[in-house]
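Below are two complexes that have chain A in common, paired first with chain B and then with chain C.
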Partner chain A sequence: MENIAVVGVGQTKIERNKLGDTFADMVYEATKKALDDAGMTMDDIDNVITTSNDFWDGRTISTMAVNDACGGGLAKNMSAVEGDGTFSAFYGMARILSGVYDTTLVVSHVKGSESENVLITNAIFDPLYMRPIGLDSINSSALQMRRYMTKYGITEEQCAKVSVKNHKNALKNPYAQIAMDISVDDVLNSRVISDPLKLYDCSPVSDAAAAVILAGGDKAKKAKKPVWVKGVSYTADAYFLGDRDLADASALDKAALEAYEMAGIEDPLNEIDVAEVYDAFSYMELMWYEGLGFCPPGGGGKLIDKGITEMDGDLPVNPSGGLLSGHPVTPGGMIRLIEAVLQVRGDAGEHQVDGVKTALAHGINGACGQSHCVWIVGR
Partner chain B sequence: MGKKRTAIVATGQTNHRSSRLDVNGIELINEAVDRCLEDGELTIDDIDAVVIGNMDHFEGINYVDMWSIDGTGGFMKPVFKLTTGGTTGSTVGQAGYYLTASGMFDKVLAIGWEKNSESDTTAAITTAFDPIWDRLVFAGAIGGLAVEAMLYLHTYGATQEDAARVAVRDRKHACNNPYAQLRKEITVEDVMNSPMLSDPIKLLDVCPRTDGACAVVYATEEYAEKICPKPAWFHAGAVKHPYNLLGDTDLVGLRSMELAAKEVYQKAGIKEPLKEIDVMELYLPYSYAGLSWIEAMDLCKPGGAPKLIADGKTDMDGELPINPSGGVIATNCIGATALLRMAEAAIQIMGKGGARQVPDVKTAVATGFGGCFWSDMTVLRSTKP
Partner chain C sequence: MTQKAGDQELIVYKSRIKVPYTWSVGEVGSRFLTEIKENQKIWGTRCPVCDAVFVPPKKTCTYCFVPIHEWTEVKDEGVLQTYTIARYKTDLIPQDSPQIIGIILLDGADTGLVHLIGEAPPEKIKVGMRVKAVFNKDRKGHILDIKHFKPI
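Presenting the complex of A and B:
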């Protein structure tokens, strides 16, 4: 693959309710930070991709709300991806690889505080068969967690360990929304949200925006702090939950394999130095370990038991605190990419992992991780 | 231009009606996808990636890209969704280009669709606008268009009959298109006598609401000519999406179209568009657009469009036939509409237009329109870029 680099990143602090900010305010902040980070101005940007979701924004063509906040307007060719920011970053990269553009700014935003999560995620499901029974992102994930625990003998304690780890990691991330030092018992004793999911197994409602600048060719070579894209792939699984075994992430298996192949990675656990994965719920992180090939199917529990994914483990996962510590829906995966870039650059501050050469970022789309996008970035 | 030369090699569209009660959304999408694959003698296994677009508030389905997997054939493939309002079809079409030109995929399926019969389109469009400043005064699509139409009449001294001729032309062309929704000729008098919707726009000046879907396959040079003897090569694309507040939009002349046209003409080396372009498929949701916007595309001087239309220059046998398919005034399945324009432009280059075929098309232009007076533009050619 031709050399493409992430040359600038920016994110707002993730908060429960950014009462003082509109969508545009948040996107402007992230854009400005990414431009400053890259040492660029809007004049250096060829084209812009926005990322949002009309349901979450309560607004048809939600990109319209942020068109000038991200410097788009008449001057730039723009487009708008709906879904997770990792997918829009992929499209931004494809536009550079096409040879038509040198630099793409990709932005994403969401205000969970102005949304009704239950109604919005109920609308993901089939209107005839699944919506009337009240499925939403939380109770469908509870079904998935139950299936995962049943099939592989994963315990609630093992899932809780993810929550403990990530919330603790978040203490060192100034952008995180919820950072706390809790115990496994705290997680197990927190109130049940949708059995077996308990409060601390779940990511919070969040507001945030994020931005990345991708560049190719000379623009990438001349960048101040380029982090190179080594491999990237995305794959979608079946829609109906009953058409999948919810305990497995076949789409992630495929996306990860393709991304590894592109990056020349054969042994992900040893060759990847840090991973930022989409831990919307604690059990998901364990499932994604398996899909990402860090361990065999059903091995996620053992991986966390052995401490391999702790900050001082062989492969720290979510040193930023992950989504459990702040879950802005469409920027969720993009922030994982940003964190992976910061880790490679050595710019991750107090949550920096030592000696990171290769980092993984992961985004998901749809219910119960129907679709996955995997990025490998490195020096 | 892009590193990889890329062409549209296959197209498929549904039979369009105001209400397709016989299919659900996924089946509607599948009808277009099946026909597209059949057109290219392809199977879904040949497709490397899928990109889809529509407006989720219209049908009330969140994450349409995930929901429609069974209809798109996206199972275990890379899939994402684009949504830019009325321009969705053209941004999806351009994404098909970028994804193949990038070298990441050899063959990409681009899909646009809409089942308007299951939606309240005006209510959904109204939510596009700023909730504090614009939403209360900008009711759906037609209000803003009426303001634009009135300004055009006022600025250039054109008449309502001048606009009506655009609808008459497109509705006549639609009779040649077996897929068009409204296939009945109308006269200027019919337009003038139809019910007033929003002065000066009358019922027959505007597009219908349609259920429909469209799909195209893009392929890279290595595959294009093997799939299609006369592929429609992508030469230039531009999208111009300005907007924040309605008051910031200049409604005399479509500024976004002027800039898009300037960009694609420059990229494609077009100096005299009226002479050099063989056919145009334009996203004209109402008749007045057929006057003002072709001026923005530099087919004639500002104010010159009524004469160009009346002289028959844009008829099927004219110098530059516009909308041989019947265009949007005959069929408007919003998320598919702009992709239909690209598909129809490609069909003209491929020579597959049947009764709506313009002879010997070498250069075809397609546009998209949406958002708050946004424009997308694409130049396709029979020759490689």
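Presenting the complex of A and C:
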């Protein structure tokens, strides 16, 4: 693949209720930070991609409403992706590879606080057979968690360890929304939301925006601090929950294999130095370890038991605190990519992992991880 | 509750979106829902290539990308593959909290049906237990003509 680099990143603080900021205000903040980070101005940007979700924003073609905040109002070519920011970054990369553009600004935003998560996520499901049952992102994930625990003998304690680890990591990330030092018992004893999911197994409602600038060709070579895309892929699985075995993520297996092949990675556990994965719920991180090939199917529980994914382990996962510490829905995966880039640059501040050469970022889309996007970035 | 940014009080505007929709159920779905409504029977479709029986039925196979023409009746009972007990209240939930949702593999089907579980205390529900459809008396050609599945 032609060399593509992430040349600038920006994110707002993740908060529950950004009353002082509109969508556009948040998008401007993230965009300006990414431009400053890249040492660029809007004149250097060839095209813009925005990412949001109409249901969450409460208006149709919601991405068009933030164009003045991300430079689209300056007569730029502007396009939109509905879904997670890792997928829109993929599209941004493809636009550069088309040969038409050298640089792409990709932004994403959401305010989870301004609508009702249960009503919005119920609408993910088909209106005929799944929506009338009352499915939403929480209870559908609870169905997946129990199926995963049943099939592989994963315990609630093992899932709780993810929450303990990530909330603790977040104490060192100034952008995190919820950072705390809690115990496995605190997680197990927290209020049951949708059995077997407890409060501390669940990510919070969040507002935030994020932005990345991608570049190719000479623009990438001349960048101040380029982080190179080594491999990237995304794939999607069946839509109906009953058409998949929810304990397995075959779309992630495939996306990871393709990204690893492109990056020349044969042994991900040893060759990847840090990973930022989409831990919307604690059990998901364990499932994604398996899909990403860090361990065999059903091995996610043992991996956390051995401490391999702790900050001082062989492969730290979610040093930023992950989504359990702040879950803005469409920027969620893009922030994973931003964190991976910062880790490679050595710019991750207090949650920096030593000597990162290769980092992985992961985004998901759809119910129960219907689709997955995997990025490998490095020096 | 009001919040301030410096001296400025922050205004929060409340509204809602309400849009009517009509969704075509299609030929296949219409036959499926009509069988439930008229005969209290559950039918699926069988893929000619991989033999998978889909409930709810599909016109094309999820796995093989081929059209499906064969119909097959499945049982109105099966095995509970997974479940959850949602302990929050929302406008959506068609029964009192806690709402119990499960994925049921009906005898003769190869895909799981997501539906409600009822007539069972939450602590009695187990993965692998057998459950049977309870049909509503007044049926309208809707997935909730099956009121819920109860343990047997």
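Just so we're on the same page, the second predicted complex is superposed on the first by the 378 of 379 C-alpha atoms of A that agree within 3 Å, B and C clash if a C-alpha of one lies under 4 Å from a C-alpha of the other, contacts with A are read in each partner's own complex, and residues count from 1 in each chain.
By definition in this document, a residue touches a chain if its C-beta (ideal position, glycine included) is under 8 Å from a C-beta of that chain, and two chains touch if they have at least 3 such contacts.
From a predicted model like this one, the values you see are computed outputs, not experimental measurements.
Of the two partner chains placed around the shared chain by superposition, chain B is the only one that A:Ser98 touches, whereas chain C remains out of contact.
Looking at the shared chain after the overlay, A:Val192 reaches chain C, while chain B stays out of its contact range. In the superposition on chain A, A:Val106 contacts neither chain B nor chain C.
When both complexes are overlaid on chain A, the residue A:Val164 reaches neither chain B nor chain C. Judged by the touch definition given at the top, the superposed model places A:Ala251 against chain B, while chain C stays out of reach.
Using the contact criterion defined above for the overlaid structures, shared-chain residue A:Ala238 touches chain B and also reaches chain C. In the superposed model, A:Ala215 lies in contact with neither chain B nor chain C. In the overlay built on the shared chain, the residue A:Ile138 is in contact with chain C alone; chain B does not reach it. Touch criterion not met for A:Ile14: it reaches neither chain B nor chain C. Counted by residues of chain A touched, the larger count belongs to B, out of chain B and chain C. Taken together, the two structures place residues 58, 127, 238 of chain A in contact with chain B in one case and with chain C in the other. If you check the complex, the residues on chain B that touch chain A are 1-4, 55-58, 60-63, 65-70, 74-85, 91, 94-95, 97-99, 101-104, 124-125, 127-131, 237-244, 255-256, 259, 370-372.
Put simply, chain A touches chain B in their complex at residues 2, 24, 53-55, 58-65, 67-68, 72-74, 77-83, 87-88, 90-91, 93-100, 120-121, 123-124, 126-127, 233-239, 250-251, 254, 365-367, 370-371. Partner chain C is touched in their complex by these residues of chain A: 19-20, 58, 116, 118-119, 122, 127-130, 132-136, 138-139, 142-147, 150, 192-197, 238, 240-243, 246. Note for the complex: chain C touches chain A at residues 3, 5, 10, 12, 15, 17, 21, 23, 25, 29, 54-56, 62, 81-88, 90-94, 99, 101-103, 111-116, 122, 127, 142-144.
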